[in-house]
Every structure is written in C-alpha cells, then in structure tokens.
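Quick heads-up: structures coming right below.
Shared chain: chain A. Partners: chain B in the first complex, chain C in the second.
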Partner chain A sequence: MDSLWPLLSAFFPPVLTPSYLRALLPPVVETLGLAAGSMFLAFLISLPLGIAAGLRLPGTRPLLAVLSAVRAIPDLTVAILCVILFGVGPGAGLLALAIYYGAVVAKMFADILRTAPRPPLEALAATGARRLQLALFGLLPLKRADLLTYGAYEFESALRASIVVGAVGGGGLGSELVGSLAALDFPRVTTQLIVLVTVVAVLDQLAVWLRRHPRWLLALAPLGLAALAAYAPRLLAFDHALHVFGEMFPPRLTERDWAALLPRLWETAWMALAGTGGAVLAAALFGALTARNLAPPWLAWPLRRLMEVLRSIPEVVWGLILIAVAGVGPTAGAAALGLHSAGCLARLFAESLENAPRAPQLAIAGTGASAVVVTAWATVPLALGPVAVHSLFRLEWNLRMATVMGLIGAGGIGQALYDAQQLFFYRQMMAYILITWVLVALVDNASEALRRRYKLNQIPA
Partner chain B sequence: MFNSSPAARAVAALCFLLTIENAAAAEPLRVGMIPDAGATQVSVEQKAPLQKYLEQQMGMPVKLVIPTSYNATVEGLGNGSLDIAYFGGLTYVKAHERYGAVPLVQRDVDQQFQALFITRKATGIKSLADLKGKTFCFGDINSTSGHLFPYLAMKQAGISVDADLKSTRYTGSHAATAQAVAAGVCDAGSLDETVFKSMVADGKIPGESMRVFFTTPPFADYVWAARKDLSPALQEKFSAALLRLQPGRDDAILEILRGEHYVKADDAEYDDVRKVGKELGLL
Partner chain C sequence: MIEPRGDAVRAASRSLLTLRDLAVAPLGAAKPVLRDIALDVGAGECLALVGASGTGKTTLLRTLGGQIAAVAGTIELDGEWLTALRGKALRRLRSRVGFVAQKHDLVEPLRVHQNVMAGALGRWSTLRALRYLCRPTSAELAEARSALEAVGLAHKLRAPTAALSGGEQQRVAIARALVQAPRLLLADEPVASLDPVTARAILELLTSLAKRRGMALICSLHQPELATRYFDRVLEVREGTLTGSAAVHAAQPLRLTA
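Moving on, here comes the complex of A and B:
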C-alpha cells in the first residue's frame, strides 16, 4: 500500500499545454468518426436483414443463428483480426465495429420486427400488398419508435467501443493511450483520460437527448458517410487479407497448448468472478451511500460523480492502466473489471433502492421504527431481487470481457490468443478464437435460458 | 430544418473536421515504428519533429504511425498500409521472410547490440544460474533484446525457461520490464541496454538498488525497412535522410531516435537472429 502514493503521483500533473490538447484533436475526431462510420454501416446491413427476419422470409432461422453467432465473438477479437487483415489504423477499427455492431443491431431489429402485431400486417397483405410494400408501409411504421430508440442505445455502446478498438491498433484515442502507457508517460495518460471522460460525458448527454428525439439519429448519417469515406480500408488490401486469412486454417493447437488450456480458462473465469465479486461488494456500499432516499445529498453528490468516472472509463482502458502500473497478470484484469463494474452496479443498486416499493416501508415506519430499522428491514430486502439480477447480468458481461482482457496482457485465454497472434502462429490464434467463441456463446445461451426460466428481464441501465 | 439546432451544427462541424483530416492525408509516405519505448517517443506531439524533418528531406507529406504491436507493424508492410517500418531484429526477419521487406539503414549501435539481465539487489541474484526457482519478465514476445537473445543466453547457461523458472511473463515492452523488476513484480528481467540506461538516467527507476548481472554477446537488432514494392527512389531518399543526420546539428531528431550515426543495413547481418529464432521456435 505504501507504494500507492508514488504511483498515483506519477500521473500528476496532467499535460495541459495548448499544443498537446491540439495534438489530441485528430485522435478524438477519429474516435468519433469510427463510431459514426461503423454504426452507419451497421444500420445499413441490419435494416434489410431485420426486415427479412420480420417478414419471416424463408431462411430466417439460419439467419438469426448466424447473427447470434457473430455477436458472440467479442468486439476486440474481431478488431485484432481486422488489424491483421487490413492493417493498423482506423480502417480496421471501423470494419471491426461494423461487423460486430452489424450483427448486434440486425439481431435486435429482427427481434423487434418479429414482434410487430400481426393483424395490421395481415390486413395489409389481404389488400394484395407485396413483401416490399408490407415492409415499407406495415412493419417499419409499426415499429419505428422502437427501432430508433434502440438504435440510439446501440450508438452509445458503439462510441465506447470505438475508444477500445484503438487498444489493439484500430486507431483513435485508444491507440494514443496505448502509446503513452507503453512509454510510461503517465501525465499524458491523465490528460487523455480527462479528454476521454469528458467526451463520454458529452456523448452520454447526446445519447440521452437522442433517445428522446430519436429522429435526429438520421442527422448522424452524413457524418457516418464522411467517416466511411475517410477511413474505409483500401480495396487493394483485400487480396492480401484473403491470403492471410487462408493461413489461419486449419486451426490447430500444439500438445503444449492443449495442456495449458484448462489453467488458462480458469484464469479467465477467475478474473470475471473476482472482478464481479469485488464490484458487488463495493457497489453495495456505494449504492447505499448514493441512493437518494438513504444518503444525505452532501455525501451522495460527490460519490455519484466518482462512480460516473469509474464507469465512463471502459474496462479495457482500466486494464491498460493497471497493467502499466501494476504489471501484467489476471489480478490487474480482475481489478479492471471490478472498477468499471463497481461504477455501473453502484448506480443500478442505488436505483433499485430508490425504486423499492413505498408502501411496505411506510408501514414499518408507521410502527415508530427508526430510519435505520426501516432501511434494514424494508428498503434493503425489497431491493435485493433487482440487485441480484443486476449482479448476475454483470457476471455474464464480465465473463465475456475477461476473454478479451488477455489481449492487453491480463492473462487467461485472451493472452494465449494474443501471444499466438504476435508470433504469427495464425492457426493457433484461430483455434483460440474459435474456443473463445464457443465459450461466449455457451455463456450467452445459459444466461438466456436462466432469464427465460425465471422471467428475468434486463432492467436497462 | 436542421439549421437552427445546436446538434445539427455539431454534426456539421464534425463532418468538416473529418474532411480536413482526409484531405491532409492525400497519399503521404506512411512510416510505421514498432511501439517500443526505447526507440521512440510515442505521443503525437513528441514525434512531430521527426515527421517534419522527414517531410522536409523527402519533399512529400509523411504520416508517422505507431502501431500498437510488433505483429501489426509487420502485417502493415504486407498489406500496404505502411511503406516504411522500423523493426527490431526478429520482427525484421519475419517481415523479410513473409513479405520480402528490404533493409535500409540503422544506427551504428544496432549492428552490435546487447541485452541486459537486471534484478533488484535485494533478490541476491548474481548470475544466470541463480535464476532457478525465480520469477522472470521478458519484454515483448517478438523482441530481439527483450526475449530472443536472453532466452538463448539462459539456454546456453543450462537454465530451462519452462522447467527451471518459477514463472515467466511477457510485459510487452522494455520500459514495462524495467518497471516490473524495479517494483518486484518479477525477480529478474531482460531488456534493451539503451532503454535501461536512459530510464536510470531519467530517474524512472532507482539505479542504486538495481543490479545488472549478465550482458549478452552482441547481435544485430533495430533496422528501418521498406515495403518491397516501394519505389527505389523513395527508398533511397529515405535512407539518405537518416544517413545525413549529424550530432550537433540534428540533436532534436537524434534524441527521438536515440542514436548518433546511421549506417547502411543489409540482410546478411541477420543470419544469426534467423538461426536463433528458428532454434527457439519463434519463427
């Protein structure tokens, strides 16, 4: 613990010279362009796919299966592949985000459009409307609000992801961050974090606004198009990409790799379990201290800001920082997952406490019980259900994230993937990608089954 | 209808910025440098003088790219997203083997480079033999001085990296190895000697509590190399720009490159690296 202070002080003061802030502008613009360009492509791919699924055209089932499968490859893994195939820089990042979010958004559009009320569509079909007309005048108008709302929500996720793809060479602010950390240039890292937190905060406001005025999402289209024109990978490189992709097959692992596989998987699982466990404990404390109905405003307000900072820095960025200061390994990975998760969970726990039904609390208070007693015997027990659901979802998410933390040096299966990539042992790398893929798909399915069985619904953050 | 809203104005401003950036990037020479703290200052601002120098010498726009890994730098030459790249010895050999990368120039010190084994004095490690049962940090898995030759040195001293060491980690960079050893994350580590010396000089690690307990025999390391299809005229111009650097006159540039004199490089220098790389299963 006594080494913590010199470590922290190495990050201060941040470099705030005008020339450096100006130098950071292009990476920030690149990050924004990445998000806009990739989401533009993603929407472009998703709409026809979603409509096809919504009309229940033949082939819908396999299509949905493919989309779910693509969605199960973590975005950072897709990014690593794209960087190998199309070279470093925003082109690879843009493509990776477009592929990943294309699958995510298409699956979501399909789910939304498949739940469109059938009677109006049948009525329209009875007039002799063709499929295209059904889609344009039936499906889309019926579900327009949902499509736009969820579109805005995904845009928000894409913005965070666009910072993260830089960590593996996808361009933007993430690449700058990796560079400064590699040089142990911590004061510049602090500046970049300040910029990052500010950008995320501004964009969060924009996203909230967009969710209320979803039509403005369309106004982002020209920006997306401009970014696409600026960053699209050059067509020339596709020939090379195909050739390198061919080198990745057939996937294989050496005997030594097989022997190390189980310990590596355990390291990944441990990272997720330890990170989530720590985050739940921290969030229980900070959730209670920031709940409007439990904590005084002078305490809740600063703690809320602190939680905001924790969650506005993505897991991978926390990971990069912790690995740079505390060294490589799963402990840094678990701590990174824990810090981001604590910020997210604290807010969700606080909301759960605030939303606990009033009547039972008033009933106990009515018996003359003190505030502490009401909290302990009514507010907290009433909030436990949602708290458990949030924790479970976070664990699922962290299992997925733990597979990619290795890509930045945090051990586990991701580290094996990264080492194989670095040595150009592409057949091994592909084997690890496939193993990760199967694992994440299994966790996804298990969690989905659990959700259906207990009728749990994700409470949107 | 979009004119009055602040959101619309923000969107328009961003489009404008993207367009500017795109226009400025019209067919520049794209130069990549491995993300190696010992070889380069990595921030966008710090690398500006080198970029300006190259632009002025080459008479064309130059875009400096610092890919986030050795692998990405090699693949960058292969897929044409980079024209010229700065490699370590082992990465050069890979780039040459995979994509026919052409060696151009290097610092004179790169032809006789050495790697150091370091530890904290408190660990009591005084020789390679003392490493048995200890934790060890290599740099990047693709690093010549952070991994390849230290690995060879241990092998020749009868230390099996798999069986005799308690555990090994790849830290990803020379600076990270120095930091990890200084902080006690690993008992010992191996790294580029120029990085270690400059970190001690800058006070980034406490030199008085560290011990260098082994220095490897010399080998060929860092080199600038070109994509094989890059026009010979551009290759020549680039080499000339670096060969012309002089201490006293170009100190700002030389400091970024951590060198004093540049010399022509050639592929035969790397025969040893190639042989050792194959022997250790890294090629």
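Moving on, here comes the complex of A and C:
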C-alpha cells in the first residue's frame, strides 16, 4: 500500500498541451471509424440473415446455431485471430468487430423477427405476396421499432468494443493506450483516459438521443461506408491468411498444458467471482449513496460522476493500466473487472432503490418510522430482487470477460492463449480458443436457461 | 336505520380530529380534488365515507394520513396541528394515525410478522427496529401473533407476505394497524377484497376496537348497508366536498345510475 501513492502520482499531471491533444485526434477518429465501419458491415450481413430467419426459410435453424456459436467467441479473441491473420492495424480491428457484431446483430434481428405476429403475415401471404414482398411489407414494418431500438443499443456497445480491440493490435485509441503504457508514459495515459471518458460520455448522450430518434441510425450508413473505405485492410493477403489458419490445425495441447488447464480455468473463474463479489459490495454502498431518494444531492452528485468514470473505462483498459502499474496476474484482472462492474452496478442498484414501489415505503413512514428505518424496512427489501438479478447478469458477463483478460496479461485461460500466440504455437492457441469458446457457450446457455426459468428479461447494462 | 349521532355541534376540545377549510390537490391533479372540508371526529367515533368512484375518498384519507399535503386549511389531531409539524414531532404524531390502504401497501419481500410489527416502528428506537429485522424476540413475535389472531391469520406468522392472497394481505395491513394502536385509524375500503362473511367480521372487529380503545375510525366503503349497520355516522364525498348526514339517505341507492 505504501507504494500506491508514488504509483498514482506518476499518472499526474496529464499532458494537456494542444499539440498532444491534436495528436490524439487521429486515433479517436480511427476508433469511431472502426465502430461505424464494422457496424455498417454487421447490419449489411445481419439484415438478410435476420429476415431469412424471420421468414423461417429452410436452413434457418442451423443458421441460428451458427450465429449463436460465433457470438460465443469473445470479441477480443476474434480480434486476436484477425490480427494474426491480417496483420496489426485498424483493418484487423474492423474485421473482428464486423464478424463479432455481425453475428450478434443477426441473432438479435432473427430473434426479433421470429416473434412477429403471424396473422398479418399469413394474410399477406394469402394475397400471393412473394417472400421478399412479405419481408418488405410485413415483417420489417411490424417490427421496425424493436429493430431500431436494439440496433441503436448494439451500436453503442460496438463503440466501446472498438476501443478495446486496439488493446490487441486492432488500432484506434486502444492501440495508442497500449503504446503509452509500454513506454511507461503514464501522464499521457491519463490524458488518453480523459479523452476516452469524454468520448464515451458524448457517445452515451448520442446513443440516448438515437434511441429516441432511431431513424438517424440510417445517417450512419455513409459514415460507415467512408470508414470502410479508409480502414479496410489494403492488402487482404488471403493466401497468407489461409496458410496461417491452416497452421492452427489440428489444435493440440501438450501434456503440461493439460495438467495446467484446471488451475488456469479456476484462475479465470476466481477472477470473475472475486471481481463481481467486490463490485457488488462496492456498488451496494455507492448505489445507496447515489440513489436520489436516499442520499443528499451534494453527496450523490460527485459520487455519480465517479461511478460514471469507473464504468466508462472498459474492463480491458482498466486491466492494461493495473497490469502496467501493479504487475501481471489474476489479481489485476479481478480488480479490473471489479472497477468497471462497480461503476455499472452502482448505477443499476441506485435505480433499483429509486424505483422501489412508493406505496409500501409511505406506509412504513406512516407508522412514524424514521428515514433510516424506512430505508431498512421498506426501500432496501423492495430493491433486493432487481439487485440480485443485476448481480447475476454481471457475474455472467464477467465470466465471459475473464476469459479474455488473460490476453492482456491478467492470468487464467486467456493468458495461456496469449502466451501460445506470442510463441507462435498456433495449434495450442487454437486449442485454447476452442476451450474458451465451449466454456462461454456453456455459461451463455446456463444463464439463458436460468433466465427463462425465472422469467428474467432485460438488456445487460 | 341507525340514528346519526354526530350531528350535535361538538366542542373543539372534545373532538380528536378537527378539519377546517381543508383543500387538497394531489400532485398531478389540475384542480383541487377536495375543497372546503370541515369535520369533527370524537374519540371512539366510527365514521364511514361513501361516494361514487373517483370522488376523492382515498385522497381525503391519504391527506389525513400525512401522505398528501393539503393546499389550504388545517388538520388538528389531539390538539396539535399536523400541517405545522416537522421532523420528530411529525413522526410522533404520525405514529398515532394508522392507515390501511385500498391498494396493498405491505412490503412484499418481508415476512408477515415483520409487516405486522412495522406498526410498532413509531415507538421503537432505530437500533431496535434494525435488530428486529435480524432477530425478533419471542415477546415481539407473540405480539405479532396476537394481532394476527385478531384478523384470523395467526397461522401465517412467518409466511412470505408475497404468498398471501389480496384479502389476506389486507388483513395483515389491519393487524399492522392494531399493533400501532393509533388514536385515529384510517381504512380505505378495508373490506373491498373480502368475502361477505369475513367483511362483516373485520368491520365488527374494527368498530368494536375503536369503541374499546377510544380510537377514532374513518373508513371508506362502497356498501351502504354495511356503512349504516356498523358506523356511527355516514358522510358522502360528492363534488369535492363532504355532505353531512343526508348522505345516509343518499347512500341507499348510491348514485350509481348517475
């Protein structure tokens, strides 16, 4: 702990010279371009696939299975594969995001379109409409609102991901950050974080606005096209890529790798459990201290800003920083997951407390109970249900994230993947990718089953 | 028909609750829902409020319970002005007013005995209130049980509140009010979701308790025959104001045809 202060002070003061800020503009634009370009591709792929699934064309079921499967490969793993196959740079990042979000959005569109009410479609089909006409005049109009709302939501999440792919060589602000950390240039790291937090805050506002005016998502098409033109890999050396890809098969682990597998998996699970556990505790405190109905504004306001900063810095970026200052290992990974999760959960917990039904709270207050007692007897018990749901969602999310934290040095199964990649042991690397994939798919399925059973449905924050 | 007893002009000192020129506009209501309300209720007196749906019965009761602030006029309880009090004094006064709401206002995630003993929070210290949530003493549980016995729910002592039916929840709310032992008990349609037999038993219980403890009781009701049978006075809320004992007559066909 004694060493914490010098470490922290190394990050201050941030470099705020105009020339450096100007130098940060291209990476920021690149990050935004990655998001716009990849989402343009993703929507382009996913709309026809989603429509096919919505019309229940033959082959829909296997298609959905493939989409679910691709979605279960963590985005950072896709990114590292693309970097290996197509070289370091924004092109690889764009491709990775396009593949990952293509699957995510297509699955989402398919799920939405499959729930379109049947009678109007059948009536339309009875007029002799062809399939394309069915889609254009039946399916899409029926579900337009949902498609646009969830489309805007995924766009927001792609923006965050576009920062993260840089961490493994996918370009943009993320790559810039990795460079500064490697050079131990911490004041510049602080500047980049400030820029990152600002960009995320602005984009949050934009996303809120877009959700209310989803039509404007269409305006992103020309932007996406321009970004594609700018960042698409110039030379897609397919022969080379295929050759490298071939080297990854058949996947194989050595005797020693097998022996180390269980401890590594445990390290990954521990990272997720410890990170989520710590975040839940911190969020319980900060959620209560930022809830508008419990805390005075002079306390809630600054704490809210602090929580915003915690959550607008992605887990992977927290991981990069913690590893740079505190060293490689699962503790850094757990702390990184915990910091980001605490920021997310604090907001959700505060909302749960604020949204607790009013009538029972008034009733308890009506017995003459003091404010503290009303909180303990009514507000908190009433909020516990949603709080538990949010915490479970976070745990699921963190289990997924924990598998990739190793890619930046935070231990666990991802670390093994990363080490294999660094040594060009591609067959081992592919083995770890497959193991991670199966694990994430298992967690996905388990939590989906749980959710169906307890009828919990919501978008994870 | 029962002779209305409350017609005689009451000396202000003898009445437990005094309302004068009261006007109420709930947040979000464009104009006052209630105006020019004047009322005196004595200790031990049982008063029924009738009136068509949406006339303001709930609004009046919630105002007396301190959940809605009046925009004009005064509420005097036990010689103290409800409208002028703040903080601890207000809480002390509120603990003397019990409320059984029309829509369920129990804390569903809590157990039944916890909801019942919430009635005691006004006289408990904060520490004791927090302690009860974790480990209630057997004496406290016995108190909860006897209150539940009065409403016929002793067997649900430790049940999760959310697992109770609507009528059972309403009876738990009544048990909470019994534990609170208020000077004034407000009940918003306490028998609306009960079967006729239980409804009679509950009204019998509430009115006899009021008599025994010298507690004033104000109930809103939709059944005029129950109102005239169990209550000392029946008032009608109509067009935003209270009309006196004439309501007993008006209450018979109760302007449902209007």
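Keep this in mind: the second predicted complex is superposed on the first by the 455 of 461 C-alpha atoms of A that agree within 3 Å, B and C clash if a C-alpha of one lies under 4 Å from a C-alpha of the other, contacts with A are read in each partner's own complex, and residues count from 1 in each chain.
The rule is simple: a residue touches a chain if its C-beta (ideal position, glycine included) is under 8 Å from a C-beta of that chain, and two chains touch if they have at least 3 such contacts.
Everything numeric here is computed off the predicted structure, so don't read it as measured data.
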item	value
Clash or fit, chain B versus chain C on superposed chain A	fit
Three-chain overlay, vertex chain A: chain B-chain C angle, C-alpha, nearest 10 degrees	150
A:Leu140 touches, of chain B and chain C: first, second, both or neither?	neither
More chain A residues in contact - chain B or chain C	B
First (chain B), second (chain C), both or neither touched by A:Pro26	first
Partner chain(s) touched by A:Ala219 [first = chain B, second = chain C, both, neither]	first
Touching partner for A:Val178 - first (chain B), second (chain C), both, neither	first
Touched partner set for A:Ala167, first chain B, second chain C, both or neither	first
Touched partner set for A:Val70, first chain B, second chain C, both or neither	neither
Partner chain in contact with A:Leu47 - chain B first, chain C second, else both or neither	neither
Shortest span in Å between Cα atoms of chain B and of chain C, once chain A is used as the common reference	35
Residue numbers on chain B that touch chain A, as the complex places them	2, 5, 7-8, 11, 14-15, 17-19, 21-22, 32, 35-37, 41-45, 48, 65-76, 78-82, 94, 98, 140-142, 169-173, 175-176, 179-180, 183, 185-186, 204, 282
Contacting residues of chain A [partner chain B, same complex]	3, 19-20, 23-27, 29-30, 32-33, 36, 83-89, 91, 166-169, 175-176, 178-180, 182-185, 188, 206, 209, 216, 219-220, 222-223, 226-227, 229-230, 234, 236-237, 240-241, 244, 324, 326-329, 409, 419, 421-424
Chain C residues touching chain A - in the complex, by the definition given at the top	65-67, 91-99, 101, 103-110, 114, 118-124, 126, 129-130, 133, 173, 176, 180
Chain A residues within the chain C interface of the complex	359-360, 362-370, 372-373, 376-378, 381-382, 384-385
